[in-house]
């Protein structure tokens, strides 16, 4: 098979995985919302709503603002979707099975997360409108704060693997999952994961006090794509979190890929619950906690889990 | 990856790196300038990966994402007309600068092309990260720790210079000229 | 093929941007519970513009501007409403007693399937660039920040408390900005994400007749059943909670508040208590709401703004002047903690207390007219707590971060309908 | 992809950086020029490490020291810009106030 | 797949998404040009009195400067993590020292209240 076809096939596979995950998250979010609101769960509408929304988005035209940065508006959602794909390519589905297994897979994933801040900033900056602009700058503060705890939480998982390859990181959990070996890692990772997907309590850039924030000026297809890209990013974060902390494909009886799906689903369920059960955090509070609490805790996590390895 | 594909990727990355590098100075929007620079760095990182320096390339891309975001934010803070809504020319001595740039390019490229580049490829790029780790902890330990101290000095210095307030009071304090009359100082 | 896709699109919840006119604020809020439509915060996300009730004359132009912000295809539904600005829209009109959800769904379906043309823009297509500068491309001024590129001036430098003289961005919020009550207009000047100056430039939603009168307004002129009054108070607090929770990103719990406001019965203070516990568990008090500094507390303590004042250390409550209330053993809730969180706690406490009072009140009626304690504080003929609170808004929000400022305004529970109704009482 | 080609690209990036650093008026744009110069040098350095130095670990070490230098330069550069902006502006407003009063 | 595989896949997804956005714009552009009032940024129904793009006072700039320096630590920690098990206690002590030095910077920033800005 020619390399080009190979890339296209891989891209299609990744897009499929992300689409399934995003759909699952959208439905799970709907269910969680209904449960918390104490309203009946209407199964059929919940299942069909995402498709109907997509069709409505395709039917709806786009809007523009006065003198926007047109290229930025087009690139931002595409960039976020591409970053989710970049992270998802690295996901190990079975022993040694991943669409790509670069030696520095972990750095590639980190770079994908780091570029999320570029995508969101660009998305808020480009319409030349007040509310999106505030969202963009807020995310600047959030992103610069979550970056280091995120990298450190993940880094601790590379110690037992003696490698930066995600496949090796999962393999090193054959006997003991990282969630046991370094109990602080997963909570920190989840907090940061909410910030990466600007979701639930950390939905600061697209928050309700900004009437939608960075996406306040988006209409139709572009709006839908931004939301799907953001859900995809959350799916990628959950999937790689499951790989790095919950032992990826390891598990009794069931086949490996199913375990990956189950563990990813578990983390997605936690995120869906957080969306409805936790209030939005004041930005200053988050920045302070990230630097003063999460960074030292993440470092402690690295050294403690290191000490157990010696 | 086959040789032809590598050449193709290299050509694409080089093109992006250079074109984006030029665009940095040809755009009116500060945010665009910062993100063009980021694109240039990312493409350079891609070339490094092609060269076998996978870790260095990816780390360059990772680091630059954060640095260029800060750059964009700071640029917008302090530059007049940050989004380039009014077209502007912000260069001085452009001719000298172009000549200097071309001379620098020709000189370095000339040295690179004329000089005999020894061919001693890295034996095992895959093990490079581990090698770097051992180097950090062994021979270059001092460099590593010095880097730590340097970064500490940077952090302290940057915050001391930039922070609006702190234990020592407002940053603007003392930047006022002394008043002409003694009582004016007291009332201010 | 196209029609299959369009039919699927028509099955989606209709995204609606609602303009709540005079007296219709709560009717619009109830639409959050409706199946088949979704209320959205930005007109860019909507397909249908729902105008509920009468809009004052100042709001016609703004309504038209919101209309034009909707993407194509778009349609307008006028529910008991005939605003001047939207006259040319070719909108669907429905009466006050019609079912807005069914009507909206029908219009939406027609629109998506192509049976109904998308409405054209209402405002004239006049480029705002009335003056063009002298720059080489015609849109700029002579200096780098001079001129009005693309028809708008650029922000100007202003002093700031941290010593950096940077641009202060003038921002006009409202009258249809989702986190604020419809009709409220604020002119903010923001430096970064901090509000450095605020001005209330509009607080009109409609005429006093259209705004109607609540039980509290009626209690000014004739005795009212205490049980009814207290249930109305509890419902008002729960409806306020629904809005405030939405602002803090808690949409599901916000729906729970609305549902509770609909179903709460006298004596069921345990339900309110359970709800308040659920709210507390979201961490909203700990990490979501801003503090209120001493300067602001002392401003509000004696302003007779009901729970707001009592949360800031005040003790006033008009109900204390009514022997009927004293006979029921009423004592106002004070000393509820600190910050905006205290206002939330005070309102939940009061809602619970009111439900309890309502069950004990029997057929007792109020014995004092002329002044009453509404859920927002002391009301009298021509004297609305919202009008008093609006005067504090600039002093309250200056210096706060954007989200904190909006949370602080939300805590005041500004009710422009009540204000309009009370203004009408004086005139009469 | 010959080593020479990579060197030419590195030289081009350095040249653009020189142009930027010399021609730009504002501090921040000037820093962008310097960044591009470092970018070019970094590329040349890595090319030499991969192709001509037999993969010596010193080369990699040097590369990450380059990156550190870049970060330090930016952090302190921005801090200085902030400081200068603050003092200069404060100065101007101060004078205005004195003229008025 | 090779090392650049992930980048290529991400890039192709990006291109696909970009094309989708552009296609939607083209469709709109064909149908109708946006009128001047349709282009006005939304803040609640009144036209803005100035462009949103301005010298935005990002009040967290001290934290951003701290980030620039502190982020560099990751470049050193990645290779360290790979050799940690084989180098053992030496690695632990040396990195401990390095991190302790850097944490002093965060501590200083915290003392100087670099994380509060409103």
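Lettered A, B, C, D and E in written order, each chain numbered from 1.
Quick note on the criterion: contacts are C-beta pairs under 8 Å (C-beta built on N, C-alpha and C of every residue); 3 or more make two chains touch, one makes a residue touch a chain.
Because the structure is a prediction, the values reported are computed rather than measured.
Trainee: Would you pick out the chains that touch subunit C and also touch subunit D?
Mentor: Shared contacts of subunit C and subunit D: B, E.
Trainee: Mind having a look at which chain is the central one, using mean CA positions?
Mentor: E
Trainee: Looking at CA centres, what chain is most distant from subunit B?
Mentor: C
Trainee: Name whichever of A-B and A-C has more C-beta pairs touching across its two chains.
Mentor: Looking at A-C and A-B side by side, A-C shows more C-beta contacts.
Trainee: On a CA-centroid basis, which chain has its centre farthest from subunit D's?
Mentor: Using the mean of the C-alpha atoms as each chain's centre, the farthest one from subunit D is C.
Trainee: In angstrom, rounded to a whole number, how far apart do the mean CA points of subunit B and subunit E lie?
Mentor: Each chain's C-alpha centroid was found; their separation is 15 Å.
Trainee: Based only on mean CA positions, could you tell me how far subunit B sits from subunit D in angstrom?
Mentor: 5
Trainee: Per the centroid of Cα atoms for each chain, what is the distance between subunit C and subunit E, given in Å?
Mentor: A distance of 34 Å separates the two centres.
Trainee: Measuring from the mean C-alpha position of subunit A to the mean C-alpha position of subunit E, what distance in angstrom results?
Mentor: Each chain reduced to its C-alpha mean, subunit A and subunit E end up 14 Å apart.
Trainee: Touching two or more other chains, which residues of subunit C qualify?
Mentor: If we look for residues of subunit C contacting two or more partner chains, we find 42, 44, 69, 72, 128, 149-150, 152, 154, 162-164, 166, 169, 171, 177, 192-193, 401, 404.
Trainee: Show the residues in subunit D shared as contacts by 2 or more other chains, in ascending order.
Mentor: Touching at least two other chains: 64, 67-68, 71-72, 74-75, 78-79, 82, 85-86, 90.
Trainee: Which residues of subunit A are in contact with two or more other chains?
Mentor: Within subunit A, residues 58, 61-63, 66-67, 102-104, 107-108, 110, 125, 128, 130, 137, 140, 144, 147, 162, 164, 211, 216-217, 220, 284 contact more than one other chain.
Trainee: Taking the top-of-page definition of touch, could you list the pairs of chains it picks out?
Mentor: Contacting pairs: A-B, A-C, A-E, B-C, B-D, B-E, C-D, C-E, D-E.
Trainee: What does subunit E use to touch subunit D in their complex?
Mentor: 61, 64-66, 68-69, 71-72, 75-76
Trainee: Can you list the subunit E residues touching subunit C in their complex?
Mentor: Within the complex, subunit E contacts subunit C at residues 28, 31-32, 35-38, 40, 42-59, 118.
Trainee: Where on subunit B is subunit C touching in the complex?
Mentor: Spelled out, the residues of subunit B in touch with subunit C are 77, 80-81, 85-88, 164-165, 170-172.
Trainee: Give every residue of subunit C touching subunit B within the complex, in rising order.
Mentor: It comes out as residues 133, 135-137, 139-141, 143-147, 149-150, 154, 162-164, 166.
Trainee: Can you tell me which positions in subunit E touch subunit B when the two form their complex?
Mentor: Its residues touching subunit B are 2-4, 7, 51, 53-58, 61-62, 64-76, 78-84, 87, 90-91, 94, 97-98, 101-102, 104-106, 108-109, 111-114.
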